[in-house]
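Multiple structures are listed underneath, in C-alpha cells.
In the two complexes below, subunit A is the common chain; its partner is subunit B in one and subunit C in the other.
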Partner chain A sequence: MIFHKKRVLTGCLLLALGFAVLLDTLGGPKWYGISEFWRPTSKLATQILWDVRIPRVLAAMLVGILLATGGLLLQTISHNPLADPSIIGVNAGANLALIAGELAGLALTVLNAFWLALIGALLAFLVVIGLSLNKKGFSPLRLLLGGTIFSGFLSSISMAVSFMTNNTQQFRVILAGGFSGANYEQVGLLVLVAIVVVGSVFFFRTEFTLLGLDHQTTVGLGLSFKKLMGIAIALIVLAAGSSVAVGGNIGFVGVGVPQMVNFVHPGSFKANVFPIALCGGIFMLFADLISKAAVSSVELPLSALSAIVGGIVLFILVAFKKKVVK
Partner chain B sequence: MTRRIRLVLTFMILCTIWIGLLLAVLSFGDIKLNVVEVMKSLFGLSRDFTTNFVVWQLRFPGLLASIITGGELAVSGLILQILTHNSLADSSILGINAGASLGVVIAMFVSAAVGLHLMSSWLLLAALIGGLTSSGLLMLVGRQQSAIKILLAGVALTAVLNGIILMLELEMNQFDFDKVLVWLNGSFWNLGMPFLTIQLLFGIGLIILVILMVPALNGLTLGSRGAYGIGVNVKMAGNVLMGVAILCATGAVLVGGAISFVGLMAPNIARKLVGQRVTYLLPTSWLLGCCIMMLAQFVATNAFGKTALPVGLVVSAVTMPYFIYLLFSERVD
Partner chain C sequence: MTDSLAAKDLTAGYGHKVVIDHQDISIAQGQITGLIGPNGSGKSTLFNVLNGFESPISGTVTLSGKPISRFSARQRAQQIACLPQRTVIPDGITVFELVSYGRYCRQRGFHHLSQTDRKAINDAIQAVHMTSKADELLTSLSGGQQQRALIAMTLAQDSRILMLDEPTTYLDLTNQLEILNLLQELNAKFRKTIIIVLHDLNEAARYCHRLVCLVDGHVKATGRPIDVITKAILADVFKVDGDILHDHGCPQIMNCHTLAMPS
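Coming up: the complex of A and B.
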C-alpha cells in the first residue's frame, strides 16, 4: 500500500514538473500560446522558444533539482535540518573563485566557469567542515555560525576585490543570479552533473539514509563512514558549484524545499530524496517564471527572490518548531 | 592583590594602544605628518597650517566616526551577549544591522524615486524603525529563551532582509548601486561635523544609560534566576537593555554602514582579558571596539595604495582569524 502511495506521489510531482516546464517555457515578458510549438506564428517566436526559453527552462529545472538534492544531502550528513550550501559559504566560495578567475585573465567561458566554481566550492566547503568538526562529528551550531561568518568573510573578499579593480558591474551580475543567459552548452554540462549526482544518490540511497543515523550506528552496521562522507561531500560540491556557475548565487532552495517536503510528507532520506529533487525543480521553475514575468520589462533578481522565500520558511520553522537542532 | 595589578596593567596597556592608534590614524595617510606636531595640534598648540588643516579638517571626522561606531558596536554586542547568554551573539548576526540597513536603503530608494533630498535625521528614524522591527520579530522567537533558536532566527532574518536590500539595490542605477554597496560594507559616508556631533551626543547618552544599568547587567550574567535572586527586575532590565543595544547598533549603522564582527569580537577578547565582571568588561570592550575600528580605518586608508576600501571589509578581514580561533577553542558549544 505504501509503495502504491509513493508511486502516486511521484506521478503527481512529475506531472506538476511537466506543467511547470510548460508554463515557464510559454511565460515571460511575452506569453505564447501552446500552439506555437507545432504551428509557429512567426520565425522570431520559434527562435525565442527554442534558443532562449527552452535552455533557460532546462537550466532552471536542473539547478533546482541539484540544489534541493545537495541541500538534503548536506542536512543528512551533518545531522542538521537547517544546513544549506549557501548558508555555510559554499556558494560564496564559488563566487569568489569566479571573480578571482576573471581577474587572473581567464575568459569566463562555460567550461572555465564550471571548474572555477567547483574548485571554489570545494575549498570553501573543506574549510567550513574543518571548522565545524570536533571529536563527536559535526557540531551543528559551529557548522551554521562558522559557515555564516565564513561566508560573510568570503563575500567581503569578493567585494573588496571588485572594488579595488573597479569591477562592481561583474559583481552585480553574480550577485543578482538568474538564468537569463542560459545556453545549451550549460544545459549539457548541467545534465551531466545531474546524472552523476542523482545517479549516485540513487545508488547509495540506503547508505546515505543510514549515514543520517549517529556515527556509531553507521559504523556498527558495517558502512565505511569515511568513504561515504567523501562521496557525499563530492556530490554536494558538484551540485552547489555547478549551480553557482550557471545560476549565480541562489540560496536557501536547499533548505526551504527539503523542509517543506518533510513537513508535508515526513520520511527518511531514501523515501524523500526523489520527491524533494522534483519539488526543487518545480520551485525553481516557478521562481524563474516570477522573476521574468512578474514585473514587465524588468528581470527580478532570482537570488533575492530565493533568499526572501527561503529565509521566511527558515524563520517560520525556527519560530514554530519545538526542536530545531538535535 | 595580583588580580588588581593585572587589571590596572591591562587597562593601561589598552589605553596606550588606544592613544597610539589614534595618533597613527591622524598622522599617516597620503600626507604623512610628524607625530609630535599632531599631538601639539590636538591640544591647539601647533602653528603649522598644514598639520592643523589635515588633522582637524581631513582626518579628525573619520577618527571620530570610527570611535563612535566601534564603541557603540562593542557595547551593543556585550549587552546582547549577556542577554542571550551566548558569547556568539552580535547585532549583525541577530539581524539588527540588516534591519537598520534595510530601513536606510528603503529611505534612500524612496527619496530617490520622489526626488526629495534626505535629511540625516530622517535616515536615523528609518534605521531605527528597521532595527526595531527586525529585533521585534526576533524577540517573538526568543520568548522561550533558547539561545540557538535566537541565533538561527537571526541568520534567517538576515537572509530575508538582505534579499530585500539586494532587490532594491539592483533596481538602482550603477552609480547608486556602488554607493549603497560601499555603505552596506561599512564606510563612513557622512563626515560632516554637525552630523557627527549629533551622533556623538547620541552615543554618549546611550553609554551613560548603560553605565547606569551596570548593576543590573552584572546580575544578569548569573542567568535570569540568579538575577531574580539578588533582586534585579529581570523583565524590565532586559527590555531596557535590549532597547539600548538596538539603539547602539542603529547609531553605529548610521555612522558607519553595516559593519559586522566588532560587536562579536570586542566583548569576547575583553572577557579573555578581564573576566566576567561587567564593571571591568564594559570599559574594556568599549576600548577594544574603538581599537579594532581605528586599526581597520588605518589599514583601509594606508594598505592598498590609492584605493580606499570600505572600512567594514577590512574589519571582517582583521577579525576573521580571531573568530576561527574562537571556533576552534572548545568553549563555543
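Coming up: the complex of A and C.
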C-alpha cells in the first residue's frame, strides 16, 4: 500500500517535471508553440530552441535537483531543518573562488569554473566545519551560526572585489545567479555530477537516513560514522560547487524545497529524498521561466527571484504551521 | 559466571582530561549491572568506552575475550545495542520505521527488510507493548512512549548486550517503573546482559543484580546492591546520610539528608 502510494507520487512528480521542462523550453521573451519541434517556422527558431533553450532548461533542472538534494543532505547530517549550503557559506566559497580565479587571470572556461567552484566550496565547508567543532565534537548550532557569519563575510568580499575592480557586470551571473549562458558542455558535466550525487544517495539512502539520528545512536546501530560523514560532505560540496559553477549563487532551493515537501509529506530521508530532488528540479524550472519571461527584454536575477518566491512560500508555511500546531 | 564485557587497566577521558583512571571492570553475563555514582564521577565516560564509542587513552576493553577495537562498527552493533542518554528523534518517521533501523547491523546489500527482519521488528515492538502504535508518528507520542520505541529499536538489533545511559531521566514515575520492569522482563526472558546508568539509587538497588559505584574515576565498590548501598558509601561517595532498610534483601534508602560539605 505504502509502496504503491510512493510510486504514484514519484510518477506524478516525474510528469510535473516533464511538463516544467516543456514549458520552460517553449517559454521566454518569445513563446514558441510545441509544433516548433517537428514543424519549425524558421531556422532561427530551431536554433534558439536547440542551442539556447534546451541546454538552459537542462542546466536549470539539474541544478535544482542538485541544490535540493545537497540541502536535504546537509539538513540530515546537521539535524537542523534550516541548514543549507547556501546559508552556511559553501556556495559563497564557490562564488569567491570563481571571482578570485577570474581576477588571477584564469580563463573561466567550463572546466576551470567547475574545479574552481568545487575547491572554493570544499575550503569554505571545511572552515565552517572547523568553526562548528567544540570540545565535545560537532555542534549543529555552531554550524549554522558560524556558517551564516562566514557566508556573509565571503559574500561581502566577493561584492567588494567585484565593485573595486569594476567587474560587476562581468560577474553578473556569478553574483546574481541565472542560466542565461548555459551550454551543452556544462550540461554534460552537470549530468555527470548528478549521476554521482543521486547514485550515491540511492546507494547510501539507508545510511543517510540513520545519520538523521544523533551521532552516538548512529554508531550504536553499526554505522561507520566518519566514513559516511565524509561521503555526505563530499556529495554536498559536489552538488553545491557545480551548481554555483553553472548557475551562480542561488539560495532558498536547498532549504525551501525540502521544507515544502516535508510539510506536505512528512517522512525520513529515505522516503523523501527523491520527491525532494524532483521538486527541486521543478522549482528551478519555474523560477527560470519567470526570470526570463516575466519582464520582456530584461532577465531577472535568479537568486533574488528564488529568494523572493521562497521567502513568501516559507513565510506562509511558518504561519500556517503555527496555526496547525495551536 | 562469565564476563561478557571487561575492561583492564582502563584509562579514559576527553582530550588531556583523564576521567577514568587505571580501572579494572568486568560485567557479568546475563545480569543487570547498574553504573552508579555522583555527577562527574565518570559513569558516562565509562559507558562510552565500554560500548566502543570512545577509545580508551590506555588499557583495553574486551568483548567476549576479544579487544573491542578489533570489531567493526557493524560487528559491534550485533553484540552490543546501545541507547545514549539523549537521542534526536527525526521528524516524519513512524515507530515501525524507527525500530527497523535496529536491523541495519543485520542486513546486507540494499537493506530491504526480509521476513526475518520484519519478524524481529514486530517482536521488538510487541516486547515494549507498542503494537497498537506501530504506525504512528514518533513525534506524536509521549516521552515515555518514545523511550519505549527507542528501546524496541535496540531490541531489534538482536544483540546479547543492551546498554542504556539513564533511560529514565526525563520520565515520570509511572514511565520510569515501566521501563525498568521492561528491562527486568527482557533480562529474565531472553537472558540479555544489561548495563544501565542510573541516578536513582533505590531504583538501582531494586532492579540491578550488580552495581558498580564510581567516584572521581575510580571504582569505589562493586558487587550486589546489598554490599554496595551501605551507609559508608552513601556518606563517602554521595555525601548524604540516610537510613538503609532491607526489603527482602534489597537495600532501600530512607530519610536522606545531605552532609555538610567540607569547605
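Assume the second predicted complex is superposed on the first by the 300 of 326 C-alpha atoms of A that agree within 3 Å, B and C clash if a C-alpha of one lies under 4 Å from a C-alpha of the other, contacts with A are read in each partner's own complex, and residues count from 1 in each chain.
Following the convention adopted for this analysis, contacts are C-beta pairs under 8 Å (C-beta built on N, C-alpha and C of every residue); 3 or more make two chains touch, one makes a residue touch a chain.
Bear in mind that the values here come from a model prediction, so they are computed numbers and not experimental data.
Q: Counting only touches as set out at the top, which of subunit B and subunit C does A:D214 meet: first, second, both, neither?
A: A:D214 sits against subunit C, while subunit B stays out of touch.
Q: Determine, under the contact definition given at the top, whether A:G311 touches first (subunit B), second (subunit C), both, or neither.
A: first
Q: For A:P81 in the superposed arrangement: first (subunit B), second (subunit C), both or neither?
A: A:P81 sits against subunit C, while subunit B stays out of touch.
Q: After superposition on the shared chain, which partner residues are touched by A:G18: those of subunit B (first), subunit C (second), both, or neither?
A: Once the two structures are laid over each other on A, A:G18 reaches no partner at all.
Q: Just subunit B (first), just subunit C (second), both, or neither: which does A:P29 touch?
A: In the superposition, A:P29 contacts neither subunit B nor subunit C.
Q: According to the stated criteria, A:L145 is in contact with first (subunit B), second (subunit C), both, or neither; which is it?
A: In the superposition, A:L145 contacts subunit B only.
Q: Would you sort A:G188 into first (subunit B), second (subunit C), both or neither based on which partner it touches?
A: Neither subunit B nor subunit C is touched by A:G188.
Q: Between subunit B and subunit C, point out the one touching more subunit A residues.
A: B
Q: Starting from the residues of subunit A touching subunit B, keep only those that also touch subunit C in the other complex, and list them.
A: Residues common to the subunit A contacts of subunit C and of subunit B do not exist here, since the sets are disjoint.
Q: Which subunit B residues qualify as touching subunit A in the complex?
A: Counting only subunit B, the residues touching subunit A are 88, 93, 137, 140-141, 148-149, 151-153, 155-160, 162-164, 166-167, 170-171, 174, 177-178, 181-182, 185, 260-261, 304, 307, 309-310, 312-313, 316-317, 320, 323-324, 327-328, 330, 332-333.
Q: Show which residues of subunit A lie in contact with subunit C when the two form their complex.
A: Per the stated touch rule, the residues are 79, 81, 135-136, 206, 209-210, 212-214, 216-217, 219-225, 262, 266-268, 271-272.
Q: Which positions of subunit A touch subunit B when the two form their complex?
A: Result: residues 82, 87, 131-132, 134, 139, 141-142, 144-146, 148-149, 152-153, 156-157, 159-160, 163-164, 168-169, 172, 175-176, 251-252, 298, 300-301, 303-308, 310-312, 314-315, 318-319, 324-325 of subunit A touch subunit B.
Q: Would you pull the subunit C residues touching subunit A in the complex into a rising list?
A: 14-15, 48, 51, 53, 72-78, 80-84, 86-88, 90-93, 97, 101-102, 104-105, 107, 111, 137, 153-154, 157
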